[in-house]
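Below, subunit A partners subunit B and then partners subunit C, in two separate complexes.
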Partner chain A sequence: MIKAIIWKELLQYRRDGRILAVLFITLALGFAAAFNGWSMVESQQRERQAAVVSDRTTWDNQGKKNPHSAAHFSRYAFQPTSSLSVFDPGLTGFMGSAIWLEAHYRDPATLRSVEDAVEIQRFARLTPAWILQVFAPLLAILLVFAGIAAERERGTLRQVMSSGVPPQHLFVGKAIAALCIIALLAPSVVAAVALAANTHDEVGLPSVGLRLTCIVLAYMLYIGAFTFAAIGISARVAKSKTALVVLVGFWATSVIFVPRFATDVGSALSPAPAAADFEASLSAESSTPFWGGSEEAQQRRANVEAEVLERYGVDKIEDLPINYDGYLLQASEEFANGVFDRLYNELWGAYETQSDIVRLFSVVSPTLALGNISSALAGSDLYAHRHFADSAELFRRDFVKLLNEEMIQNGGQDGYGYMSDNDFWQQNPDFSYTPPSIGAVLSNIWVDILVLLGWAITAFLIASRGVRFSFKQEAMA
Partner chain B sequence: MSVQAITAQEKRALKSEPMQLFLLVAFLLASLYAVLQGSAYRQAQVDVADSFTAAQEDRNTAWRDRLVAVENGTTAPEEDRWAGLAMDVSFPATISPGPLSDLAHGVSDVKPATSRVSLWRSVDRLFGNYQVQSPIDTAAGAFDLAFVIIFIMPLLMIALSYDVLSEDRELGRLGLLLSQPISVRQLVTARLKVRFGAVAAIVLIASLVGLFAGSAGQDIGTRLPFMGLWLLVAAAYFLLWTATIVWAISLNLKGETTALLLAGLWIVNGLVGPASLSAAAESLYPTPSRLAFLSEAREASAAAYKSQADIMQGMLLDHPDLTAENYSIPEYIRTAFLVTKTVDDSVVPVLSKFDDVQAERRRFLSKLQFAAPSVLTLQAFNLAAGTNLERHIAFEKSVRDFKQTIMESVEGKVLVGERLSLAEYDALPRYNTQNPSVSSVLGSVALPILFLLALSVFLGTIARSNLDKLQNHLRET
Partner chain C sequence: MSLADENTNGRMAMLQTINLRKTFGDVVALEGLNISVKPGETLCLLGANGAGKTTTINLFLGFLEPTSGEALVNGRNVAMAQIETKRDIAYIPEQVALYPSLSGLENLKYFAALAGHDTYSDADLYAFVDRAGLTKDQADRSVAGYSKGMRQKIGVATALAKQAKAFLLDEPLSGLDPCAANEFALLAEELRASGAAILMATHDIFRATELASRIGIMKAGKLVEELDPKAVHSKEIEAIYLNHMRDDQTDPAKGEAA
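This part shows the complex of A and B:
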């Protein structure tokens, strides 16, 4: 019986020009989005590769220079773009792709592609994930809004009941038929994955296959939730017209309005510091208390001097077997690192609180939960960026220390006059980055997974009970 | 039933029908929320600009006081050799918040708003580390009044009106209604006047609340002309949607088909159109690689550092007047100046390329924006609000030009190692913020407004003709 219902529904869909038109447009947009995503990721990866090479070459050939001057010039860490960003670029364009690893200062990531974007890109971005998040539910609504209500309006529900079809069979048959049509969007996703495999990902995401499987499962839950909810609403309301209006209203609210509103509330309740204030705090709190003229700063430097004189058992700086300027520079770095940790933890904390506030709204918008899951698995979310930024910062500290050590150990009494040359620069290591494991990623999104699962189960129950309810109503009528 | 009776009935329904009331109250709350969050946003913009300028002015005052002390003999020149150091000249440059930035944030949340123009910074670093806004917030976009008007308002209008005629027809009441001295056109007009009147009133109230709430200390009289333009744009967009809805109603389709048609238009206008246009603009006119630009700047900096002696020699050959031997100022200052100048010379052409690409994109979009009224309206709103991309790009360029002017003015003093005199310092130009003028904004938004109005008239005329035909058809049947 279920098979018969599926065939009947599919036949009806095939005859409905509106559905074919929406399907065709969505599919075309999906392909365009996949190509657009591939083109963007491919060019970002190519540009990154070139920048990494250029950074190394420039560093290696800077000639004679004091290691501390070199530490000011320093290196850059370039964030790799994951291949799965072809499917879901997440926050990639909004977070900066290069971090300057200079001495004395922890810089935020700069060069955000959103700054080069046209104004209207803020409305909508053509990506495969966006197409599925926005248009797949709409297609589901279009397919099933009239599913039960129209049967009742036309009087065919009574016929179905009289032929002995149980409500669950009707529900399952209609749901499967609708999902089969939505599955026709799969070629655009396959295209995105195929194109993603064709990018030059230097820093491969661990467990890409598993990530991809999880992404597919998450989108299936999401689309299933909308499909079931649409059947449920269609079964509960008197007219298909009402079902359509309610469902489109719900779609617009949960897919378009709530995500924007939620982030707005999140940033109002947990604001990030103003850029100028943050920059001023970084400089003032990391540098002045060590290098400034205050009593506290002078005492701090005196303590460093006393400690190093004691360690080497000498009375005067001039008698030290090391370069004291380099030693003092390293001491200042270690002092500043604590400040950077505190200030950046506050900054990341503000972002993460925003993210948690937004997550609360996923109770009314499954799109938010899906967006978190999708971008996290694609390696393009906030966590991925923080992981990269923190890794870059650890490298910066080691790298600056390496340069200071060069000055300390080999600079003798030359102070800032000590020079290193290309032989030394060419031995210095590169920043090497390993993205987080899938276990770490999943531990950040388990709440989103539960919420999405909750949405799918609730929608399933609404649909299942709704169809039973409509059968009872019809029997009583 | 007369037109007055229909109007009175509609007014009663507005107050008593729960769904209509809920939608209107929700829209009012969303509008007021948008306005109030916008006023907080604008206040924060003003505070950031003010505190930044104040901090820079304090710094400059302290710098100037030291120079005054040397010139009037309070401090001996050898006691403060850094007083009046030309290389240390710096001035604040800020872009003033747009006159209505509270109502349409535009690109003001991702573009730099302040700069400390210092000779120590090459032009690629003039704007400091401003990229600390939350990426979550930036990616979602603002929930401002422009968003509410462009996205939520049309959907509300559709929900309130899609069955304005079809419901009566489907319930078999239309014939009865039209047996009264009232035409179809009058019936539709009377009903929409009340329903859309309520929507328009909410937009007007929200805009007026915004005018006062978002002033952030600015004179209301200054904001008023821009508000006039804003309301003209909003009115034109509102009229376009009114005409579109009346046209859809006049097609005399089933209620659900009318709703589907209008929802489809809303999606194409608000989502598919902008996403496709922005993807097309960015694919056809790709910006040069920011990473390549960064590499170029670094290579130039490293090369300049290595060949500083040659650069200095070249400079002295060009300017024999700069051979004064007053090098009480450490050499690294001249080196830094020359390196920065060389980097500037190298990166300014690349930055100009970015500007050129943006200009090409804008030219492209200025033609294609007519394909999607939402794009047209957003750009017009941003223009009226002073948060458009063009203004921000012009700000960045003007800051670069300003730095060039300052650099040329003090170049000789830096190279020779002489201090600036007080008169010379006071004669240096200061950065002047460019505010958008009402006439220039009017010139830019006039065509979009006229186009929206023309499209409204076109659709309205067709709708009128359709409704008249429907009237005749109903009379005949």
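This part shows the complex of A and C:
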């Protein structure tokens, strides 16, 4: 019986030119998005590889230089672009992909590709994830908005009922048929995955297969939710045109407007400092209180001096067996690190509060929940960026300490006159980054998973009860 | 003795109601209805709009639940076995609703499959269509261009494919041109003669006297008269019917019914 319903629905879809047109356009957009995503990721990965090599070569061959000067000459940490960014680039391009690792200062990430993009590209980026998040629900609505309402309008629902078809069978048959059509968008996703596998992801996301499986399941829940909801609405309203208006209104609200609105509300309620202000704060709060001429700064430096003289049991700096300038530099680093931790925690806190506010809106927009899940699993969300930035910062601290130690231990009384050479630079480690495990990622998005699951279950119940309701209504007619 | 006569004699009723009552709020749609239709019988229910004819059919289809009493199909209570009883029933409404983007044959195939007959070959389906009076070419055309009569024939072909034992015909002749109505009447008679039990709700007293084994006159949810067209002259049936309808119009206390 369900097989017959699926067969009939698919036959009707095949003969509906509008459905075929929408399907073809969405599929074409999907392929274009997959290629576009691959092109972007491939380009970023190649640029990163070239930049990593160039950075290393430059560092290794900087010649004789004071280690602290080298720390200012510095190195870069380049964020690897995950291969799954082909499918969902998330915040890639928005948060910056390179961090300058210099002494005294924790630089924010730079190289934001969206800064070079026009405004519309910021709003709607052509990615496979975006196509599925926006167009797949619309396709689901177009497929099933008339599912029950039109059956009632033309009188076939009564004929179907008289054949002994239970409401659940009609619902399941129609849902499966619609999902089969939507599944025809899968080749564009497969193309994205195939292209992703063909990128030069040196770092590699852990558990890519499992991430991909979770992504597919999440999108199935999302598309299922819209399909079920559309069937439910179609079953509840008197006319198919009403169902279309209601559903397209719901689509526009939950897919287009609410995500934008939620982001604006998040930014308004939890504003992050402007980049220039933040950088000014970093500089002012980490440097001046230690190196400035204020009494407080002078006292801090005096404390360092007293502490090191006591530690080495000498009375004068000139008697120290170490390079005091290097020691003082390292002390300033440790002071500044506390400031960086505080300011960056405030900054990340503001971003995370924004995310939490946006997440609240996922109750009315499953697109928000799916967007979080999708970009998190693709390794392109805020958490992935923070994970990278924090790892880069840990490396910066160790690296600067290494350079300061070189000056402290080997600089003697040469002060800033101490020089290291290429032999030393070539022994210095590279920044090595391991993206977070899937367990860590899932623990960040469990609320989104629950919300999406809730949407799918609720929509299923709405559809299931709606079809039963329509059978009762028709029986009473 | 015809097959129908053999079936009728001594056989249990295929369609039966026992003290069937149905109310919608304060409105009584059916009151203590007792009818039975045996295999090879056609019972035509005559009555004005709201007399309870369609409500009776809806109760046999399980679309409505009786307030009290029972509607039985092949001895089974419809309220207790909705799916099973529908397998024995074919329903042909006044307007046979079909899917306009499908051909007649595809509609037939679909409705037959819904009724559990999903193994028919195209040849089998064309045979049903042919028996219902449609050509192969007509069956292959989209039903969007079908006349009402052609739709009725797909309805009959579906009933045949379903191998139903009982037919519920709700105003099947309404709106048909005389030629199409005649074709449908012949089909109905053929079905009866092959052993089907037919319950037909109609306003058409002429077709009722022509097709019916028995005629039931309904008024305000009650069966007020049951007549044998073989025993009573058609003129007399008409007079009795019109007399009941006149009473109905002058009865200030008449109930509204579905």
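Here, the second predicted complex is superposed on the first by the 475 of 477 C-alpha atoms of A that agree within 3 Å, B and C clash if a C-alpha of one lies under 4 Å from a C-alpha of the other, contacts with A are read in each partner's own complex, and residues count from 1 in each chain.
By our rule, a contact is a pair of C-beta atoms (placed from the backbone, for glycine too) under 8 Å apart; a residue touches a chain by one contact, two chains touch by 3 or more.
Only a predicted model underlies this, so the values are computations on that prediction, with no experimental measurement involved.
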item: Partner chain in contact with A:244 - subunit B first, subunit C second, else both or neither; value: first
item: First, second, both or neither for A:317, with subunit B first and subunit C second; value: neither
item: Subunit B or subunit C, by number of subunit A residues touched; value: B
item: Touching partner for A:155 - first (subunit B), second (subunit C), both, neither; value: second
item: Contacts of A:350 with subunit B and subunit C, given as first, second, both or neither; value: first
item: Set of subunit A residues, in rising order, touched by both subunit B and subunit C; value: none
item: Subunit A to subunit C touching residues, read off their complex; value: 1, 3-5, 7-8, 11-12, 15-16, 154-156, 158-166, 474-476
item: Complex interface listing, subunit C residues touching subunit A; value: 58, 61, 63-64, 82-83, 86-87, 89, 91, 93, 95-102, 106, 110-111, 113-116, 118, 162
item: Subunit A - residues contacting subunit B, complex; value: 18, 22, 25, 29, 32-33, 36, 39, 43, 47-48, 50-51, 54-55, 58, 61-63, 65, 73, 76, 78, 90-91, 93-98, 107-126, 130, 134, 138, 142, 145-146, 240-241, 244-245, 248-249, 252, 256-257, 259-264, 266-268, 272-280, 347, 350-351, 354-355, 358, 382, 385
item: Residues on subunit B engaged by subunit A in the complex (per definition of touch); value: 30, 33, 37, 40, 44, 47-48, 51-52, 55, 106-107, 110-111, 114, 128-143, 147, 151-152, 155, 159, 162-163, 254-256, 259-260, 263-264, 267, 270-272, 274-279, 281-283, 286-287, 289-292, 294-295, 298-299, 301-302, 305-306, 354, 358, 361-362, 365, 374-375, 378-379, 382, 388-389
